[in-house]
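A, B, C, D, E, F, G, H, I, J, K and L are the chain letters, set down in written order, and residue numbers restart from 1 in every chain.
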Amino acid sequence: MSPAVLVINGPNLNLLGLREPAVYGRETLADLDAACIAEGEAVGLAVSCRQSNHEGELIDWIHGARETTDALLINAGAYSHTSQAIPDALRAYAGMIVELHLSNIYAREPFRHHSHISATATAVICGLGSAGYRLALRAVAERLASLRNA
Amino acid sequence: MSPAVLVINGPNLNLLGLREPAVYGRETLADLDAACIAEGEAVGLAVSCRQSNHEGELIDWIHGARETTDALLINAGAYSHTSQAIPDALRAYAGMIVELHLSNIYAREPFRHHSHISATATAVICGLGSAGYRLALRAVAERLASLRNA
Amino acid sequence: MSPAVLVINGPNLNLLGLREPAVYGRETLADLDAACIAEGEAVGLAVSCRQSNHEGELIDWIHGARETTDALLINAGAYSHTSQAIPDALRAYAGMIVELHLSNIYAREPFRHHSHISATATAVICGLGSAGYRLALRAVAERLASLRNA
Amino acid sequence: MSPAVLVINGPNLNLLGLREPAVYGRETLADLDAACIAEGEAVGLAVSCRQSNHEGELIDWIHGARETTDALLINAGAYSHTSQAIPDALRAYAGMIVELHLSNIYAREPFRHHSHISATATAVICGLGSAGYRLALRAVAERLASLRNA
Amino acid sequence: MSPAVLVINGPNLNLLGLREPAVYGRETLADLDAACIAEGEAVGLAVSCRQSNHEGELIDWIHGARETTDALLINAGAYSHTSQAIPDALRAYAGMIVELHLSNIYAREPFRHHSHISATATAVICGLGSAGYRLALRAVAERLASLRNA
Amino acid sequence: MSPAVLVINGPNLNLLGLREPAVYGRETLADLDAACIAEGEAVGLAVSCRQSNHEGELIDWIHGARETTDALLINAGAYSHTSQAIPDALRAYAGMIVELHLSNIYAREPFRHHSHISATATAVICGLGSAGYRLALRAVAERLASLRNA
Amino acid sequence: MSPAVLVINGPNLNLLGLREPAVYGRETLADLDAACIAEGEAVGLAVSCRQSNHEGELIDWIHGARETTDALLINAGAYSHTSQAIPDALRAYAGMIVELHLSNIYAREPFRHHSHISATATAVICGLGSAGYRLALRAVAERLASLRNA
Amino acid sequence: MSPAVLVINGPNLNLLGLREPAVYGRETLADLDAACIAEGEAVGLAVSCRQSNHEGELIDWIHGARETTDALLINAGAYSHTSQAIPDALRAYAGMIVELHLSNIYAREPFRHHSHISATATAVICGLGSAGYRLALRAVAERLASLRNA
Amino acid sequence: MSPAVLVINGPNLNLLGLREPAVYGRETLADLDAACIAEGEAVGLAVSCRQSNHEGELIDWIHGARETTDALLINAGAYSHTSQAIPDALRAYAGMIVELHLSNIYAREPFRHHSHISATATAVICGLGSAGYRLALRAVAERLASLRNA
Amino acid sequence: MSPAVLVINGPNLNLLGLREPAVYGRETLADLDAACIAEGEAVGLAVSCRQSNHEGELIDWIHGARETTDALLINAGAYSHTSQAIPDALRAYAGMIVELHLSNIYAREPFRHHSHISATATAVICGLGSAGYRLALRAVAERLASLRNA
Amino acid sequence: MSPAVLVINGPNLNLLGLREPAVYGRETLADLDAACIAEGEAVGLAVSCRQSNHEGELIDWIHGARETTDALLINAGAYSHTSQAIPDALRAYAGMIVELHLSNIYAREPFRHHSHISATATAVICGLGSAGYRLALRAVAERLASLRNA
Amino acid sequence: MSPAVLVINGPNLNLLGLREPAVYGRETLADLDAACIAEGEAVGLAVSCRQSNHEGELIDWIHGARETTDALLINAGAYSHTSQAIPDALRAYAGMIVELHLSNIYAREPFRHHSHISATATAVICGLGSAGYRLALRAVAERLASLRNA
């Protein structure tokens, strides 16, 4: 059976493709989810995707993923910069975590330069749009394979 | 048809008239909503009002207002000072935005002196109690009229 | 007899309509004064208007208003951010004070985000151009009326 | 009838006993709730317990407790360090409030050293694990008894 | 034989009951000492109490307690906020340490919000007046009992 | 001939006795000036007094005092905390300078705790009301006498 | 009987006249004490003087002065900048307090610019050498006389 | 006709040659003005010079220069470090602006290291005494010539 | 002909596999270079690799890459956190730039949390060891292909 | 023989005319060097010019200039903001030093507002492009002439 | 007669060898004193040693050493980081002062990175355990010999 | 064979004896190197010495010392305060490291008070001039001998 990966997108990412296309591109959240699922199939991962604007719901989902997934991809949007409860939830997750941002957050407003999530993640990828999600899944697949072989 | 305006009140504003009357006055949230709707009728705006203690719900409502309203009045309460996700949602709203506070937040505790929302708003009014909401609706009506005439 | 209101405009506001029209609009100070006086007449207030680039003169005028006016509207321009002597003068003024800014100062350079005057004012209105002054006069008229009736 | 006390546990406390046992111990949230209820019976308090990962839900519960309880015990987890809306809700609660933390938050990461809730509480107890909750209930019982006798 | 506990009170606590009764209550230091000794007897602890205004004397006493006591209760008063030598002494103490404050220090002046002692203590209790000392002794008794039984 | 001393009072001190009597007392500026002149006569100093709300005028007067006076008493009011031009003027004054404040500025709002003038003065006296001015004149007289005798 | 005043000098002031005469002058502590006692006699105050390098001893003396004196003069030397326990002791002293410094501390190293004691004092005098102590005693005598006459 | 240049000198520069010659040299303001006018004649510029200690007057002059001059030289003295109203006035000036300081402000006290004016100027020259003014006029002449030729 | 990519590794990366294997793994720099070249061949990129401990040499190489490459991968090691000259060089590079770090720098010492380079890069990848380099090359190949097809 | 002047240009200035012409203009480094040498000939100075991207090489050149030159012109580019070793080298240089920047660094990103070099220079000129270098040479020639004549 | 040196050890150093041997080693204070005395004999210095946990006592001893010793070795423990009164005492000591720390304080908690004492010492040695004291005595002997020979 | 020690001196130390003799003394770098080699011979260490103004070269030498030396003495001059790449290199060095400074850096400008190198060193010695280097070699010899004997 394929390893399971949950892709969690946070606040305002439901507007993907609808707001500030100069920053975030024209791809919608549905497009992004589809690309992740397809890439998952290509590299042998069972990918599911969720989005919420509610900090508490993101935490609930991270908790739920503890028993049911091998890795998490998380783009917590603006909660990356203000939430300490989401990082606490991630610290309690034993699998691989990749933090994602569509844009290069370090080239934007100062408040976006620090993500409390980064220190709890295995890796951080930003600035590659949806390609970043696909590469992250590829990295997860490689890592899980190498752990199986170890 | 009248332009539509959504009035969003955030955390703890459901207690209006019940807590700290010295700061917030004795008017309840129902009174405030009624005053807004009446003023809207007077100046030709279709006003609806909502209140929530949930940051995510405020974001959902702002998103929902993108296609259905011409202007937003928002008093995000204490989320004004801690949320970056609400300002992100407001940045994706194309209509006029007026930030409101019943009390003069600049004369209170230091943490209330900076609102992350202010930079995303068209205008800020504070310290006028419910009169501030009514004046904001009047300003919205004027602005929409001048845009129609331009 | 109508209650008296003094409108005080501070440094560089004499250039209104002449500098940075993208920020401040094309209306001149004379236009603004005229609009204030007209609005005053409409709501039953005797409005007079003054402008100076001198911090000391603004203080002298605030002192002078202590015995002769019922409310002050003040846009202290850049002195809002650097003067502690003007707030000291305002603390000695017993009437209603509305701080005004034509533009939304919270969406501009960081040094404009904090006004020392705000904590001494009854209310703050910014980002509404000259409409803000007119709404402020309306708020003053309402407040004075409710005090008379109380 | 026994005075009523609501015990509110915040984000990630549902994982109690499941994550970082070196920091939080092996007791589960169900164990903690049972211990609180039993202690309440011992000291004459009707204790009920709730947990949520949603900031807004914690606020709703605090509001609900205004009319129905005599005291609150609250461990707001990471929201202690980021929320200003929860303290605003607590400021509108007239009963006794005890802030609790299982671990000694002052001996952990710097971001946990300051809780916005502390200034709104009657008392703070941390570092005693579930015993802290039991002692807090005892303190509540003593205080309510002394108020009744006063 | 009963385990031994030393209660150390720091600067200005000799004025207890004499200064600022609104903050510290009307109980004197002698009352507090008596309450601690009585509670110790109730829970099976041999309690002794000392007070000094001298930082060096507090350090000497902590050193002396290393071989002769099983736990320390310490309220270092204002030295909590300025001393690094007392925390150094406490780091060399192997028994249980409970930091105490009569008032809720987090609701007072900012300089009282951070205690250098907290990070070296097992637990912190504040805001419960002398009841806090009694509860701390109860917690010590429980902890020592559970260690004996482990 | 008696040595000459200029007493300079800055912004808002013309309101002395008229505003915030709890902070500044009921004595007027005319009373203060008269007390200074009388004390000057008593200790052998020719005292003159001036007040202005204009920073530039204070500077002009300090310049003018360079050739005509032996000492300055200066209470620059709120300019103490914001002006660097007045201290620059004082650095070019060779006589004795005493900085005065009627109230204890260190017990008031934080912005009043630092005066840029203090580092350029010979001495600072605050919190003694008009008595501070009289004592300052006495100190000036003593110092000038000891210089004459040296 | 004459009102009693205690003059407290803190750390390193025993070296007066022996160290850094450019900053502190050539007068010894014995000279200073004698001058204070003589001035006290002149203005009708019974003055006694003490000096210690021990923070705890200064606190003990302030406590002791609560019942036996009408006013305190205190120059806490470097403890002015580091101690919070001495200000706590002074807050419990009901009489008049004058903080003194021989040199103008605001013109020296930055760490000397803020004294935690200032906010607890009635008045602050610095930069006048031993004359400052004499003027302070004169101010105390005046104040006590005016209170007696009130 | 020669292009017109206004040279504005700010607070305390009237003391040039009279105060701190080690820092500012022995040349007087009249000497500096004469040198500027002579250099202007040499490079084909009609130079006029003004000095004031009043922030408001400097602003008035900058406003007046908008229609009548092609370039400004400004040494705002200590107002460079405290005024935001002067920079606002300069932002409304369309011609070339050269900020000047006689001494190297970056080698003096920290408060002189940042000039709010610098960001509104075309160029900054400091540390060259009156030669800096002459070179600035030369630079203005070159720039205006190249604009005429472009 | 294949597009050219230069991989630049900065200070101490020559020690790869030799120092702190817990942080950086056991792979050597030669291994990393070989992996990059192989991945480049797989995705159609001509990859070359360089390493230096000299900030100036890194700048020289970035300059040299302006005319000869289509993309840069850069891991500037500790210079990421201290150099402003390398970011200046990167700002003058028109191709795609991916910043790489083997470890998750955001989970290490605070000084490693901010890279001045990030704001000048297209994308940032960290925490994936040498896999990060391979994924970056894949992202470069995709991006260049999409540009060619656009 | 003509006095000798070394012009040192630092990192990225070899790209002059090639990068960001909106900021730095279209003139190349060769053009700038030629202009300096020509101006030197005009005012009687033997000018030589060097550029390096290596901090150490800039230091070596400053050391070399100690015995062989009368003045230095230095534009250390981004090293101005990060290097303390270059200022240390300049402190050991006894001749005149002029710091130069082509653009007005105070109107650019905040990290460019402070140059560690400024405090070690005689003078600073910025915002005049290559004209600044020419004026600096003229100032050097004047100063050396006045020293010879003194 | 041999020159005299006083070795002063501050708070908690009486626990040497008893607490945290991983940081401070197993040598006791008696061992350290003996090593210092022996080394003193070897290099011709009369060494005496004292330890106290009382800040005031350390100050008293430094004062006492003014007339009786040629050099001081001082390890003020945690008072190094909080005391300004000890540095004031050291400023009044004319002989050579060597500050010592057994451990490398710069590699420990941030509050230990800055010692107020360092700026008043001739030299600082840390991280060498008791060898540091012996080397300091050797350095003192060398320096005193070179002064005698000068 | 004698253990090997490399002495690394950083930027501007080649000017030793040539610049600021009041701070650094009159001894040249050649003198210092000779003194180190002689002391090495005396205590049984093979000492070699290098100096460079290039940060990268210092890093190269530290790397080179990993296989060939038993200890490092390093005075990184101003790079101590700005480089993070040198500390990274030192972290990869397994032998003993002594950081040296000729002057007492804590008594000089604030930027010299913190050395990034200190936390990576075994010990720090400053303020003893070249004697510090000799004592450091003696400490190295002792430590290596004790390790051999352990």
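Following the convention adopted for this analysis, contacts are C-beta pairs under 8 Å (C-beta built on N, C-alpha and C of every residue); 3 or more make two chains touch, one makes a residue touch a chain.
Only a predicted model underlies this, so the values are computations on that prediction, with no experimental measurement involved.
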| item | value |
| --- | --- |
| Those chains which touch chain D and also touch chain C | B |
| Same or different residue numbers at the chain E/chain G copy interface, by half rule | different |
| Equivalent interface to A-B, taken from E-G, H-J or K-L so that over half of the residue contact pairs match | E-G |
| Cα-centroid distance, chain F relative to chain G, in whole angstrom | 23 |
| Mean-CA-position distance for chain J and chain E (Å) | 64 |
| CA centroid of chain C to CA centroid of chain E, Å | 56 |
| Distance from chain L to chain A - Cα centre to Cα centre, in angstrom | 47 |
| Contacts with two or more other chains, residues of chain K listed in rising order | 54-57, 82 |
| All chain pairs that touch each other | A-B, A-D, A-I, B-C, B-D, C-F, C-H, D-E, E-G, E-K, F-G, F-H, G-K, H-J, I-J, I-L, J-L, K-L |
| Interfacial residue positions of chain A with respect to chain B in the complex | 10-12, 14-15, 18-20, 52-57, 77-79, 81-82, 111 |
| Chain K - residues contacting chain G, complex | 54-57, 59-60, 63, 66, 82-85, 87-89, 91-92, 116 |
| Complex contact set, residues of chain D against chain E | 104, 106-107, 113-115, 118-128, 131-132, 135, 138-139, 142-143 |
